[in-house]
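Two complexes are shown next, each including subunit A; its partner changes from subunit B in the first to subunit C in the second.
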Partner chain A sequence: MKWARTTAIVFLLAVSSACLLANVIAPASYAYQFREEPNAAPSRHHLLGTDDLGRDRFSRVLYGTRVSLLLAPAAALLSSLLAAFIGGIAGFSGGWVERFVMAGTDLFLSLPWLFLLITVRALLPLNVSPILSVLITFAMLGCLGWAGAARIICADARSLAQSDFILLARASGSNGFRLLWRHLVPNLKPVLYAQFWISVPVFILTEANLGILGLGVAEPMPSWGSLLRELESFSTASGQSWQVVPLILFILVVSSFHLVLTKEELPV
Partner chain B sequence: MKKILAVLVLLTLITFGSNRVLAQSGGELHFCLRSEPKTFNPLLAADDASETIRYMTGGVLVRVNRLTQDLEPELATSWKITNGGKTITFQLRDGLRFSDGTAFSADDVAFTMQQLMDPALHSPTGDAFRSSEGKVETEVLPKNRVRITFPAPIAGLDRLFDQVAIMSAKSPQKEMAVLGPYYVGENKAGSYLILKRNPNYWEKDPAGRPLPYIESVRLDIQSNRDIEMLRLTRGEIHFINSLDAEYFDKVVAQDPSMAHDAGASLDSEEMWFNQVATSPLPSYKKAWFISTNFRRAVSEAINREDLARIVFRGHARPAVGPVSPANKFWFNAKLQAHPFDQKSALQRLTQDGFHLQDGALHDRDGHAVEFSVITNAGNKYRERMATMIQQDLSGIGIKLNVVTLDFPSLIERITHTFDYEACLLGLVNDELDPNAQMTVWLSSADSHQWNPSQKTPATAWEAEIDKLMRAQASTLDPKKRKEDFDKVQEIAWQQEPFIYLVNKNALSAVSPAVHNAHPVVLRPQVYWNIDQLSLTSEVARNR
Partner chain C sequence: MCGKGWAVAEDINTLSALPKLAAKILITVLLGGFLGATLVRLAPGFGVDEEELDARLSAQSVQALRETHASDANLFVFYFRYLNRLLHGDLGNSRTLQRPVLQLVAERLPETLKSVALGLALGWSAGFLLAVAIVMSRAWFLDLLGSLLVGVLLCLPAAVLALLFVLAQAPARLLLGLVVFPKIFRYSRNLLARSSALPHVLTARAKGLGNMRVLVWHILPTAAPQLLALLGVTVSVAFTAAIPMEALCDLPGIGQLAWKAALGRDVALLVNLTMIVTLVTLVANSASDLMGRTFRTSEA
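What follows is the complex of A and B.
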């Protein structure tokens, strides 16, 4: 399956490059409404046609992919770091600290995410720019998405803490921060790495879900969530096959993220 | 000569024969409800599904003809309003029976009124009759008459009885015994309802045949509009009562004969600014929002034609004011929708000290003009309108932030915390009479959205509206009422506390198998004449 992994990496790199160069590649602003051409079919001017408001769909796909593809890894990084910190401390400390932290983690996991996100979003100030709203949305995802990963990291840290090499390090006089930083964290890297790659598509999907509910990134900024909303009524969209392009891209990107992980890195 | 006569006789037979086909009795009409009815008690109906059941099963004293918008006799053959609008006396039809065979009498009207006005029942229909404190008295008079006296005059009193389905005082079936064309024959919760033809329904067609023509109506509970559309195209249901513009265009593409655009409905979409003095907004923003010039400028900077053409695919028209042109009597025909004129908008803003600086609008103190508009998440039409308004307002240097909120959060902000700047919502309007809008226009009312529950009117024009609304509600002279309400519409047009955007069209799809369907703008659009609808003979046989 090495070829699949390589293909996925190349694909992700190609999509990321296209998105980073959106300012150069996009034929129009993602926000500008060509009001004489709403719902236009693909043409030389609009490669993927226009949306309901006459905005160039190709430009919106480029910018929307950039939003989702850049910020989902950022949110995944944030949640992985939180998970590493909370899970690592709990697993390494053991005893009542572990029980207390894991009880809190279980409680966090039992919270209905979507409603929590909706509630938190409703409490945010109203006058935020679309860019800030994007950052807030993904920051919230990152802050709320650590709990599952923390449990896995806690279990791994606990196992490491009881291992022979840690015992040897302790016996050699290593303790506290040095023990954590020099011995534990490097050995947690593979599981952290796997958690990061697993979280990226999860956050992309979550943002898309929020976007479909109209609670994701604010207009006129596009994201995959807002692009996929075009497909929410299949009977009206079925006659315009080019509307499916964002969905196909979305599936390919999320699948590629899964293919990037090696067999060993995948959770059991 | 004989041959000519024979041909004439044959043609006559064919003509009458075809009419008979048009009025084919029998068959089962199918359509969908988008949710389960919450109640079968007609006095408690508040949701769409319950109102559908009430309309099809309930017998009323008088009925607003949805086509002509005139009031017509039903269970009452005549009525008279006296005592300065406090009393209404109905002459009832003789010899009528409920669906279970129980005789109908004035006692049933008295019983219904007593139930309706019982505060413990909390009837939404009864709210319209509660003009002031005091008891409603119902007297059963000789010769099948009944007199109802209210503690205070109610303008448009007779029309309110269109919503009051008469219940039986004696039937053991209680609210399930009805006087309308159908009764509830079967109810499978969450799945379907079957309404069966009421054998005791009083009305007959001009040929003396008993109505309704259709034997039964099957109402499937179906919340998914895509599936509803598929079922229509497959011929499994006969009509869709209220269609979105996208679905309507799809119907047009498939079979134009099924699509019915009845024109602008009573519903409107509007935007307003928060003018609540105690709101947590900065004072300079409050100053913008209470300025008539600012509101008018924003209104003129919005391209309503584009909203109607793009968001509603041409199935809407720019709104003029609180009354839609569909409301034939009450609409003030002198008024026109505000035109899209960004030059005029900038002139108005200049009068208030606003100026453009590097393409961005600033007030006289140098604050950049930026505000947010909230709307309910999930309503794609409102989200699209807000996005279009965002681009329109950027044309006069205003930065608009579109914020979609879940509905409870939105309601919390506009009714309790007042922590918002502008709001875009719609008004669903079923009532023709302006009294239904009293709670919106009186400055003391909770639903006076831009600045609710005022102790005294905050502005002279709101005081004037209060005066005019009370004046129209306290007189029975339709001409005087119309004059007063016309002035209210003119003030609303000038001051624009609500920036009316569009009136959506009433769109529906009806299968060719249904005869006598004439969809209208008033609800229920397609089946307002349910007792006169019929199915083609083939359908009637097969069902």
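What follows is the complex of A and C.
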């Protein structure tokens, strides 16, 4: 499956580059309204037509994908770092510290993820700007999504802490931060890497769920959630098949993230 | 100790573990409620009402609105009052729907439980049977087909599936089955494949045992405890997916209630719903753990 992995990486790089160059490629701003052309069909000026407010759909797809492709990995990085810190300390310390931290992690894991998210999201200030709402949404995903990864990292850190090379390092006088930073963290890198790549599509999917429910990124800022929400007005009878393009791109992007991990790195 | 005596002793152990398990669930739910209340209390928008944005309200009216939330300002007082009411069977009132939370939950929980039960039954039947068929037949095309289907389903958020169901006018209750199906299929397929490669299974096959016998007597008993653990996890997945399903397909369950409460910033209702769903998922997880433990004991 090496070819599938390579294709996925190339595809993700191509989509990311296109999104980063959105300012150059997009024919208009994501918020600009062509008021005389709402719900327009694809044309030379509007490659994917316009939405019901007359905004160029292609530009919105580019900017929306940029939001998700930049901020979902950032949120995944945040949650992986939190998981590394919490799980690493717990596994390395062992004893009551591990029991206490893991009890907290179990507690966090037992809370239903989407219920917790919509609870916190619903209580954010009413007057936040669209950009701030994007940052808050993804920061919230990063801050609440560490628990599962922390358990795995704790188990790995525990087995590493009992391994011979750590014992040797201790015997050579290494302790505390140095032991953690020089010996434990480098050996936790593969599991952290796997957790990072597992979290990215999870966060993209969760943001899409929140966005479709109207609890994600605020308008007029586009995101996958708001783009997919347009499917509400889709009808096979209307013949506007181009409305499905964001959904197809979404499936391709998320499946590419799934393919990036090799079979050995995936959980059972 | 003879086999039967050992099994009886283990049964007693399992029974004696029940009160401990119940206490653990209770403590987790209480702590979970406290954590939820803390998050809610610390959220930057706490105490801010949408009505405050109404331009017709005077400064005094806005101040009066804020004072209605002042009693909840102290987290511990807020939580103590909540627990006190809970002990008297009162979950408080929904601010947006102007009705007791208990009444709302009693009306809507059965609807969600029905959807979750149907979804789990469908998802488990389809996912598990497909996994068994692939592992036993070793048909590569079936494996490829199953993996492709699951790959696409795993890339679709539950909310998109709900929108597609609305567009196709398909029965909404089937949606949860589609959400849990890929998880069950992938996990059981990997687990069964691993179990079928174990030395004792290979020996059984080499001795000429039929497919069905190998599956029932050798593969399933090895995989059963982990499959039972997955059952608990899928309950949580189904409850989570119930929010977009009920919100978008207009089913009057607690998922839709939670969505409405989130849009209306109804703190009391959201915290209660989170605690109720936490309780249900914890009970499901503990029950599946207990079943797995009992199964392992009887196998030993």
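By definition in this document, the second predicted complex is superposed on the first by the 260 of 268 C-alpha atoms of A that agree within 3 Å, B and C clash if a C-alpha of one lies under 4 Å from a C-alpha of the other, contacts with A are read in each partner's own complex, and residues count from 1 in each chain.
Throughout what follows, a residue touches a chain if its C-beta (ideal position, glycine included) is under 8 Å from a C-beta of that chain, and two chains touch if they have at least 3 such contacts.
Being a predicted model, the structure only gives us computed values, none of them experimental.
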Overlay on subunit A: subunit C relative to subunit B, clash or fit: clash
Subunit B versus subunit C as contact partner of A:F250, first or second or both or neither: second
Subunit B versus subunit C as contact partner of A:G95, first or second or both or neither: neither
Touched partner set for A:G176, first subunit B, second subunit C, both or neither: neither
Partner chain(s) touched by A:L111 [first = subunit B, second = subunit C, both, neither]: second
Partner touching more residues of subunit A, whether subunit B or subunit C: C
Partner chain(s) touched by A:P38 [first = subunit B, second = subunit C, both, neither]: first
Subunit B versus subunit C as contact partner of A:L228, first or second or both or neither: second
Subunit B versus subunit C as contact partner of A:P186, first or second or both or neither: neither
Which superposed partner A:G54 touches (first subunit B, second subunit C, both, neither): first
Which superposed partner A:P220 touches (first subunit B, second subunit C, both, neither): first
On subunit A, positions contacted by subunit B and by subunit C: 118-119, 121-122, 126, 213-215, 234-236
Residues of subunit A touching subunit B in the complex: 31-33, 35, 38, 52-54, 118-119, 121-122, 126-130, 213-215, 218-220, 229, 233-236, 239
Residues of subunit C defined as touching subunit A within the complex: 28, 31-32, 35-36, 39-40, 43-46, 48, 50, 52-53, 151-152, 154-160, 163-164, 166-167, 187, 190-191, 194, 236, 239-240, 243-244, 247-248, 258-259, 261-263, 265, 267, 270-271, 273-274, 277-278, 281-282, 285
Subunit A-touching residues of subunit B, taken from the complex the two chains share: 225-226, 229-230, 246-247, 249-250, 253, 306, 310-311, 370-372, 374, 377-380, 383-384, 386-388, 390-391, 401-406, 409, 419-421
Of subunit A, residues touching subunit C in the complex: 106-108, 110-116, 118-126, 201, 205-206, 208-209, 212-215, 228, 231-232, 234-236, 247, 250-251, 254-255, 258, 268
